[in-house]
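Here you go, one structure.
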């Protein structure tokens, strides 16, 4: 196994691309909240990047990618990046082991950022830091191990090209659990909470789309035909999701820019697990269905009065679920050797469904328990007075 | 023809870089309009990205790069990406065919975004969607075929390294035709229309400059000396254009930041067709002349009372024309085998001039007809009342 | 010496990444000043990019990387990019000579942008242009030569992987000298000068972090294990710096987002000279100490009533100094062949300290003299009336 | 002297300004406000469908004039601001006891 | 007629608006202002530690009513805006001589 | 009681605030407005050369005081806001019938 400089060049670039996604989640979310919580919302994402970066090199990478312990978790062989070096490693035949590690790092950070949707505009910053550290360790790291690190889901044959299950289902359902524990924002459903800065949200979406090329095409772990194919499927699924949500929501009102960018993210989420297994034409279908489906889920959430404030659950959680199933349906051997339902491989569909639903349950239940524990001890939520004043001033002493 | 992983890595990265240019055009334009149309302006660009992405994989790529039919258009061999795969293809000796396809895709999208200058703050969104779909099909795709897909201009020997004619002349003259059909904004020339967010425009310009490295240096289709050379010429032409416009406009008033960024874009446009054919010192000249020339054209446009609102014509159209001629003048064989006027090759200059003027006429005339047809049927423009209220609320139901 | 396409791909991408850092400095700084100077602040950075781009290809590159003259400066062999071509050159075994040149160019530009901290909200634009042109020529170019171009510091063995001394010490101490010459802003210390746009500053920080991967991992000049290692150390040092400043400042008040991003930059600065010489665990330490140390320096500066307005000195100057010493301490042979103090190599520490302090003195003294000369001739500062009105209107005729 | 406070639609502002200039009313102070009256709010989208916003952006113009010019001023504003549709706005007239020009200390307008 | 100018805490605004609606006060004009009074400023961070900002964001509500409705309006605002903490704000009452609806020319409110 | 409405140059605001503090005028409400008067507009650039903007940013200070303090307040503002150049702004004085502190119901200022 020798280093391929082209593959290394692309994964270096991909890692940078995925890195920008974490602050981009902050801009996306920040534009959607009220002005008094804008800095807070961006900061939650950006702090996730720093915190998880440290956790990952110290222990997270080892828990996720260390040698398998009972199908559930990795061992501590890579503690403190022990045994992770400049040469190719177990997971990276063409690129340095350290590069594979840091490419995985940026996935862990963005997952944490997505979760903040469920606690928007009401979380106590100190409690968030503790929560984030624990969540990434006991929810994300095991899930990454199951699917990518040689855990039970991998052994069972579940396909997840770039993290539909590990990143999106986990963060989406974690956001759902969190919002149930922390409760609704004061005034939710009673008066209008208008987004404060739609152009900022669009900027976030543009950077997400941009970074997602690293996310999905980088997951080929090489600069080759598969990377190109994943690049193309990613782009058309996003485009199809964006247009589909736009058109679907037009039936109910006007074609809003927020509908467009939400659909783009839904399309990107849906294609994530499938990016390296399906054809571009299938990707258009997966993206378009993702856009309409997530839009419907969001409408349902609002009707139910659920304050999962920025729709991580509707878009990432449910979109990720759709993507996992779609991968089991539309995978074709010509792309990457794996066949799905349409090529008659029922087994693949079952494996993917099993992996996805296991992740749904694990992420939801463990997050719920963790959130309750933190709420009972440190307290997850700011006081009502602080919520009125806004988290920017109350928690960060800043305003914009 | 085997895949070169280094070339593939660079074109993957370049495609991502060029992708960010399409929303960047939206930010650039969005900052220049009135606040009530900010979301609309950004959305026009971003929607162009999604819409053209789908059109391109379904049919556009085939029309542009399919086997030549009469010098004018490609055939349908690549319909729905048929025959476009992970292996190198007809146009890409070192990179996967799908990657070449998607690299071309992002050129088609950004071209569409530039065109929106001519209909800023007054276009009906539904009409725009129809227009965009038709325009990219009957204007952009044939032009791309002429120059890059083996059409008559290529056969005739016209040089266009990265799209001065295909992207910039076409979009600039299309914007001119559009603005003539749709008419001036209410109040244009009567009262001041102050830009609402200059920092956003500067952000757009910064992202354009950044992305343009993929645009021009990526057009080498390899990670080699030519890519490096194009990277350098791109950067110095942009710098020279920016400083030239800044200084020229200083004579009339103050050195404005908008003058600076407009000059940078003018320099970038001017060097686009020449990037891989000229030396860095010639690039400085091409960029500086581009900056001053486009500034002069813009002054002329304003004096004439033409409401080509955001100067796609002055900067992209006329800047692209200058670039096409400059390529025919300054190309030197030492860079890429082609000689221009300064090396005594009159033929090259004639070929480039012919290609450019043909594109001017084709883009202007066909766009004009298309715009008239849409105006007579769907109606291109919003009502006066909607224009007063602003397109953000009137067309998208949003505000910022 | 043949071109490696993978290395070339990575350095092309890295150059684009570093390019975005220069406008990013503008956004970072722009958010921190008062609204009436926002456009001015962004423009100072972006203009630095254009101006230094031209200077560098005309003469700067030759002064820095031409054959050594007396240990102090390069000769004129590369004047106007003479002898810099598409083939590998003296400094680039695997990449085109032009690419090495332009990769160095983007370092020179960002250095100039950092310097503008010391003259924020009060500099005369015309004087700035003259200053910038002279400063990059007589301060930056010689320093780059000393350390990277074969000058005395290189001969002496000082290690500076990606520019801690050349970029950060030089710009930080230049900013300090400038602020002493130009004097405090009117009202400084008397009334509160609230940052006008914290989200913009955070956006700048996000783009800086993103671009810094090109800065540090690109400095490996190859797509290899060393690049991966530098990528990792960069990321964890930034994360550690961010968290360290956040926590340290929490003791005095609230955990602010500005503290977080300032700490990130401090961590990035501190790791810059060390990125390719130390382990990730050492990088965490270097970053964390950098964060706390720069925070302390900043508090000291404020107590002293020094109006080095945006803390280039505290963060880049002093952070760069710490990084230079830390490189001499923590370098381990296993990473890149060089040993520091912890492996018993006192000589390395001495060389690094000598190089750093020489740069401190050179940058401070020459900048001070240059600033005085310009102040006495052209005048460095706007009138008090213009300062009240704000530089956006007074100098650029624009507002936002 | 009287203070005339007119709250009008933003899209009419350029017309009102022009009309005032033509009549020789130079001095004015304007601010961006939001208002509610008879006019129903507008429907905005926010991912999940419509929401109604009842405070709409308005421009508030404040002009201090001599009592003798009051009627002229009011009719100028009314003509230029009027669209005939709901939401056209209101004019309020309030007494001013004194007006001083800071630069000179004059108390004439 | 009277102009009631109430300067209140932004976080109370939704309550006040609701209370006014319930009492049938439909028309109002609001603007974002900053104010200072008894209330000490708030402490903000700016890299170098704390700074105190003494002008705090407030919402200013202006409502023109018939004199007979004045007391009802004032008590409605007072009840809904009050938190009992410093900074709750002020209400000022000023005379209005005339009110005109631009659309119709009516001078009733 | 009187309402003093002063419209001043933004660049003088910090001085005025300081002067008011020194004289013991604590309460005030300020807003960002744009105004036009004698002052010619400023010339701005917009790619195509100059354009003149005639509505310039101003700070509007509103202070309610007892009638006895009025003269002192006016002279304080005039001294601190004055630059002697055109555009220094205006002060308008208007009657206030009642002032109420929401927190306590007091009607003193």
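Letters A, B, C, D, E and F name the chains as they come in the text, with residue numbers starting at 1 for each one.
We adopt the following convention: contacts are C-beta pairs under 8 Å (C-beta built on N, C-alpha and C of every residue); 3 or more make two chains touch, one makes a residue touch a chain.
Remember, predicted model here, so these are calculated numbers, not experimental data.
For the pair chain B and chain C, chains touching both partners: A, F. Homomeric contact chain D/chain F: same residue numbering on both sides for under half of the interface positions. Chain pairs B-D and B-F differ in how many C-beta pairs are in contact, and the one with more is B-F. If you average the Cα atoms of chain C and of chain D, the two centres end up 51 Å apart. If you average the CA atoms of chain A and of chain D, the two centres end up 49 Å from each other.
Averaged C-alpha coordinates give centres for chain C and chain F that are 44 Å from one another.
Chain geometry summary: the mean Cα position of chain A and that of chain B are 34 Å apart. Multi-chain contact residues, meaning those touching two or more other chains, occur in chain D at positions 31, 43-46, 50, 94-95. Within chain A, the positions touching two or more other chains are listed as 4-7, 9-10, 13, 197, 203, 223, 253-254, 256, 258, 396-399. All chain pairs that count as touching, in label order, are A-B, A-C, A-D, A-E, B-C, B-D, B-F, C-E, C-F, D-E, D-F, E-F. Every residue of chain F that touches chain B in the complex is listed here, in rising order: 43-53. Contacts from chain A toward chain C in the complex involve residues 3-10, 12-13, 15-16, 19-20, 23-24, 26-27, 30, 38-39, 42-43, 46-47, 49-51, 53-54, 57, 80-81, 85-87, 95-96, 98-99, 101-102, 105, 125, 197, 200, 203, 223, 395-400. Note for the complex: chain B touches chain D at residues 36, 187, 190-191, 388-389, 393, 396-399. Those residues of chain F whose C-beta lies close enough to touch chain E in the complex are 3, 26-31, 64, 94-103, 105. Those residues of chain D whose C-beta lies close enough to touch chain B in the complex are 10-12, 14, 18, 42-46, 50.
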